[in-house]
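To keep things simple, chains are lettered A, B, C, D and E as they appear, and every chain counts its residues starting from 1.
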Amino acid sequence: MIVRSKPGFWDVAFAVNGSILPRIAPHLVAIALISVLAIFAAMEHPGIFARISAVPFTLIGIALSVFMSFRNSTCYARWWEGRELWGKLIIACRSFARQISTLEDDDRRVLLRGLCGFCSGLTARLRGEDEVAAIKPWSEIDVASVGPNPTNAVLNQIGLHCLMLMKRDRIEPIHYAVLEGQLTALSDVQGGCERIASTPVPFAYSLLLHRTALIFCVTLPFALAGSLDWWTLLPVLLVAYTFFGLDALGHQLEAPFGSEPNALPLDAMRRGIEREMLALLGERDLPAPIEPRQNVLM
Amino acid sequence: MIVRSKPGFWDVAFAVNGSILPRIAPHLVAIALISVLAIFAAMEHPGIFARISAVPFTLIGIALSVFMSFRNSTCYARWWEGRELWGKLIIACRSFARQISTLEDDDRRVLLRGLCGFCSGLTARLRGEDEVAAIKPWSEIDVASVGPNPTNAVLNQIGLHCLMLMKRDRIEPIHYAVLEGQLTALSDVQGGCERIASTPVPFAYSLLLHRTALIFCVTLPFALAGSLDWWTLLPVLLVAYTFFGLDALGHQLEAPFGSEPNALPLDAMRRGIEREMLALLGERDLPAPIEPRQNVLM
Amino acid sequence: MIVRSKPGFWDVAFAVNGSILPRIAPHLVAIALISVLAIFAAMEHPGIFARISAVPFTLIGIALSVFMSFRNSTCYARWWEGRELWGKLIIACRSFARQISTLEDDDRRVLLRGLCGFCSGLTARLRGEDEVAAIKPWSEIDVASVGPNPTNAVLNQIGLHCLMLMKRDRIEPIHYAVLEGQLTALSDVQGGCERIASTPVPFAYSLLLHRTALIFCVTLPFALAGSLDWWTLLPVLLVAYTFFGLDALGHQLEAPFGSEPNALPLDAMRRGIEREMLALLGERDLPAPIEPRQNVLM
Amino acid sequence: MIVRSKPGFWDVAFAVNGSILPRIAPHLVAIALISVLAIFAAMEHPGIFARISAVPFTLIGIALSVFMSFRNSTCYARWWEGRELWGKLIIACRSFARQISTLEDDDRRVLLRGLCGFCSGLTARLRGEDEVAAIKPWSEIDVASVGPNPTNAVLNQIGLHCLMLMKRDRIEPIHYAVLEGQLTALSDVQGGCERIASTPVPFAYSLLLHRTALIFCVTLPFALAGSLDWWTLLPVLLVAYTFFGLDALGHQLEAPFGSEPNALPLDAMRRGIEREMLALLGERDLPAPIEPRQNVLM
Amino acid sequence: MIVRSKPGFWDVAFAVNGSILPRIAPHLVAIALISVLAIFAAMEHPGIFARISAVPFTLIGIALSVFMSFRNSTCYARWWEGRELWGKLIIACRSFARQISTLEDDDRRVLLRGLCGFCSGLTARLRGEDEVAAIKPWSEIDVASVGPNPTNAVLNQIGLHCLMLMKRDRIEPIHYAVLEGQLTALSDVQGGCERIASTPVPFAYSLLLHRTALIFCVTLPFALAGSLDWWTLLPVLLVAYTFFGLDALGHQLEAPFGSEPNALPLDAMRRGIEREMLALLGERDLPAPIEPRQNVLM
């Protein structure tokens, strides 16, 4: 996630860090070259180009804006839902910790460290890293029998521990049900994150919009060159910047658990949970919060 | 579901697999032929065509974009809700499995295999296949008395098993309530999927938009041919590609449990659940996950 | 609900059944006549009409599209929420039936037939028919003391039966709470359906859009006749078809429990529930599912 | 709430009652006068006005439509959420009544009349009337110690009564939890209604749109007068009617608990609940339902 | 939050307080100066400017409107969700207070004052003020061991108190579960508010729109000056006012817990909760409600 204050005047003019500009610069250069080509062609053969009117391009451009706006709001909704799920993760960990505050210290240690292991495992799972290695420092899991879903195995261990506490009359049955409610919330978070990570916006949709935007920007200079001359560059580049920029940004937000600058700061949130859980276990020497590097918080 | 990485340059130019293009190619050819006709007619009778202005078409085109955008977001919402329901299915199965982890192995086997049977039955039901045959390998159901809803019958069996466990004091009443909460979630999933599968977007709505888009694309060349000459082909085909493409794509997303390339990968998700449930039962020899064929995951 | 497959080529050209066309045909004829009038007037007095430009009409038309799109999505949301509520009804009936599967047959019969009575009563209530008559075949209710809400009275009877089971120690208190959860879901369904049925989209909103659309379509020919001549008919009729069609369709979807072809198939869904409940009571001779008549499922 | 059937032909032409027209008539007259002024000015100084083009006004008008559409959907969402909350109120009252149906008549009388008092108090609170006076006929509350929130005090009394029933073993603890669930729903309703009533759409937003719409409508005649002559009046008045009408309607829907004709019928819904509760207490002489006056249901 | 009645005529014309105008005035002056520059340039070199057409600007302007509308609705949704969370806070405090009304006065005092401390701590946390200092007057927290999240520590204390009440058989286990439900709601509120406060709309998105709007407004005068002459100022300033105003307003709403005039009135809501809690503890001398200063309620 990019952490910057409101764009001020100079940012608007010159900000590169955090901007989508570097990503789409090659496209803009290509469109600029095509525009120059179109302008020279229009000077050579003014007759041909005079016939091309900008009116159908207005129609196509507005239609494209409407459809791109839908794609953008969809991608943003995915990104925001990812953040909501991680917010739910934080809330469930805190609530679970509060609800076991009368248990003995050994139980609390196992359970709260288990929650940290779950968060680490989930982060690794969503980023395609080694889940078992991420869980190991926090929770003992049997590598041999862990099955296809190590992160869920941690949750199963926590659930089993709670069931055993009920069986041994250390907690009331209703207390078990309350705790299990938080574990179900954690399952919801894992399932929801996996859903977002494994199900992109339909490929055909992205392709259709990407294609239409590209053809539109490539042909627009030919429609304007006849009447606008060198002024053609200004609207063409502004349109290309907006359309390509939104397309690239939508693509980044679509996968909110990735490693792009605009992805969600999973590491920072995970560390925040670890700090709170360890503090509740009485530790004073907490790991430091994760700070943004070059305005990017991971 | 089509599994491809972000469209690169050559994809944008040439990708056919995963594109909606093959589906709408005949329409585009027809529109191109009509455009050629319009262009020749405009050359023959320039007087008539000079009178037709593109302005009312801009109005109609933009109105159509606004309405098609609504239809598209509705169809996408149906597709995404289908995915959310299957995500809920995965979560409920995992949570149920966690909540019965202190039961004896025989009970766990019956219950977890029952969940697999429910998933198989639901897949078959949503795709119009033989539910009973799909359930058979996982769960014993009485074919004779199964009634009109075999998939729900599996859920009833699981529920009955839980009730019997409570009756025999093998689980606490509150534990029964917790388990039943997951079964209600599974009922929600089945009911929600049936709702999406049985209730399309109102036919009159699809028909109205389909008709308007068709008439618009067929008449657009006549409005442009007078002034654009052979250039007419470019905006007409771009508009037709966008409108027909979105219409066809919307139609595919509207029925997310079908067998179109953009449908949800029910088989892959069902197999994922089976693998997790079987691993929890201690099986080492899990069925392999389902892989995409030619970029399509079913 | 209209049950048809995807509109094919001939449907698009000629489908009348299931289309909104018959409903708005008189308006289209009127607009066509006004257009002819405008065309003749423009031929007689070309000077006057030459001054009218289509540009302000583009502005008004696009503004109208944006506002009509909002009305359409609102009406569709009401229709879809109605369907979601009936889906919830189906789910709650199934879950309730599962949760009472260890009760004695007499209790189950009274309770499940009570659910059927609730569904019948709700259907009658939403359609303004005789609720008591609809409930009678399924459940004994005291006509004299039934009060202003017979459908809710059935639910009260079911709730009272469950309370008595708890009082007599036939079910655990927590089991009562689980059952009552489903009854609350049924109350939600009734309350939600009544909300949709009794609270239309604000009248002033419908009137404003209806009026603007009408004035727009009536005056559009006068703006186009000066330049388009006989071609005026094409865009005017296309615009009128789209705007009047969406307006009429929105009006149908706004009241999803009515008797219009696009209303929800309450009878078919109610019958589906009855079939499932009766099958669970061991009946073999189930009433037949309701089939669509002339593509309309009620 | 305005209770009228679908606008028929004559309604569209002449309906005043239920229309937003009377509210905005002065503005329309002012705009008409300004238009006449602009037309005369354009006749006097055609040179100046010929330069003004309608194109930038198309841009501004469409931008304004997009933003007003957002404001409208926001205001409608507030109105509809208000209705949903009152639907939840009705459902919670019915469910609570069902859940106490085995209590003794005295308890039921106190509790159900308490619900009626809560509804009366909430209505008074939302409309800025005297809450204590509204509650008095239904429930005994201690005026001296009632604190800043009399409506919530009624709920506290009901909650205390339920707690006492549990303390005296008249109801099971789990039964108390079920009842308290409905009381929490009633708290949700009160809190939600207070939120809508006390938090308008940000003032700066309303002001910005109101101002832009006004400047747009005042200057539009000057842009059109040069080319359209007396025809200017038609598009200008149609645009002004739509924009001012939607603005005024949005303002009415924004405050759904007010006393405007489009506000929600709180009195009628409250009376409906009273009738159902009194019928459940065995009363035969129910207060009459509230009927609309001049098509307006309050 | 700005507390003003509906903008009347003079407000529309002259309101400054509560308007976004002062914030964007420098930008508008700059745009006006650029416009004057463009007009003089167009008078000097009419040949160059005559070539620039307004049509591509219409396209860009409408596309920009569509994208800005998305940003605006997103920012408004954040603001409204912030308000919903604080509404949930009010509801949870009231419900918790109702559910403990049979406890002894000492317990009630500790718990209800704890809720006030939670609200104060949350306010301070969201505004970056000193949490511990804000909590101190209400609740005893151990400053030394409070860890990184003092506000949550208050909640943990309340939860621990409830657990102890259950352990000592002063409340039923199910009663504990009911109370814990409200504490979980309070955790939801804290987590949700932290999510909104710590996760802005992606920086690249704001930057892209801000940049496009700025370039658009700066270049628009050059496109219009050729044909509109001094009239250029009117549409340019109206467009700049709308776009810059919505951009600035979106930026304010994006951070609903800040100290801008349009931020949510956290202090007033917190004080409202304190008044209700203290009144329930029997105090008569309540702190006064917070009043708006110069129309701004904080």
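The definition used in the following text is that contacts are C-beta pairs under 8 Å (C-beta built on N, C-alpha and C of every residue); 3 or more make two chains touch, one makes a residue touch a chain.
These numbers were taken from a predicted model, which means no experiment stands behind them.
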Required steps from chain B to chain D (each step between touching chains, minimum): 2
Rotational angle, Cα trace of chain B fitted to chain E, multiple of 5°: 145
Interface composition of copies chain A and chain B: same or different, split at half: different
Length of the line joining the C-alpha centres of chain D and chain E, rounded to whole Å: 23
Centre distance in Å when chain A and chain D are each reduced to the mean of their C-alpha atoms: 38
Where chain E touches two or more other chains at once, by residue number: 55, 57-58, 62, 64, 66, 69, 173-174, 177
Cyclic chain order - from chain A, heading first toward chain E: A, E, D, C, B
Chain E - residues contacting chain A, complex: 51-53, 55-60, 62-64, 66-67, 69-70, 74, 145, 147-149, 152, 155-156, 159-160, 163-164, 166-167, 173-174, 176-177, 180, 183-184, 187-188, 190-192, 194-195, 199, 202-208, 210-212, 214-216, 219, 251
Residue ranges of chain D in contact with chain C within the complex: 1-4, 6-7, 11-12, 15, 18-20, 54-55, 57-58, 61-62, 64-66, 69, 72-73, 76, 79, 83-84, 87-88, 90-91, 94-95, 97-99, 101-102, 172-175, 177-178, 181, 224, 227-229, 231, 234-235, 238-239, 241-243, 245-246, 249, 252-253, 261-262, 264, 272, 275-276, 279-280, 282, 286
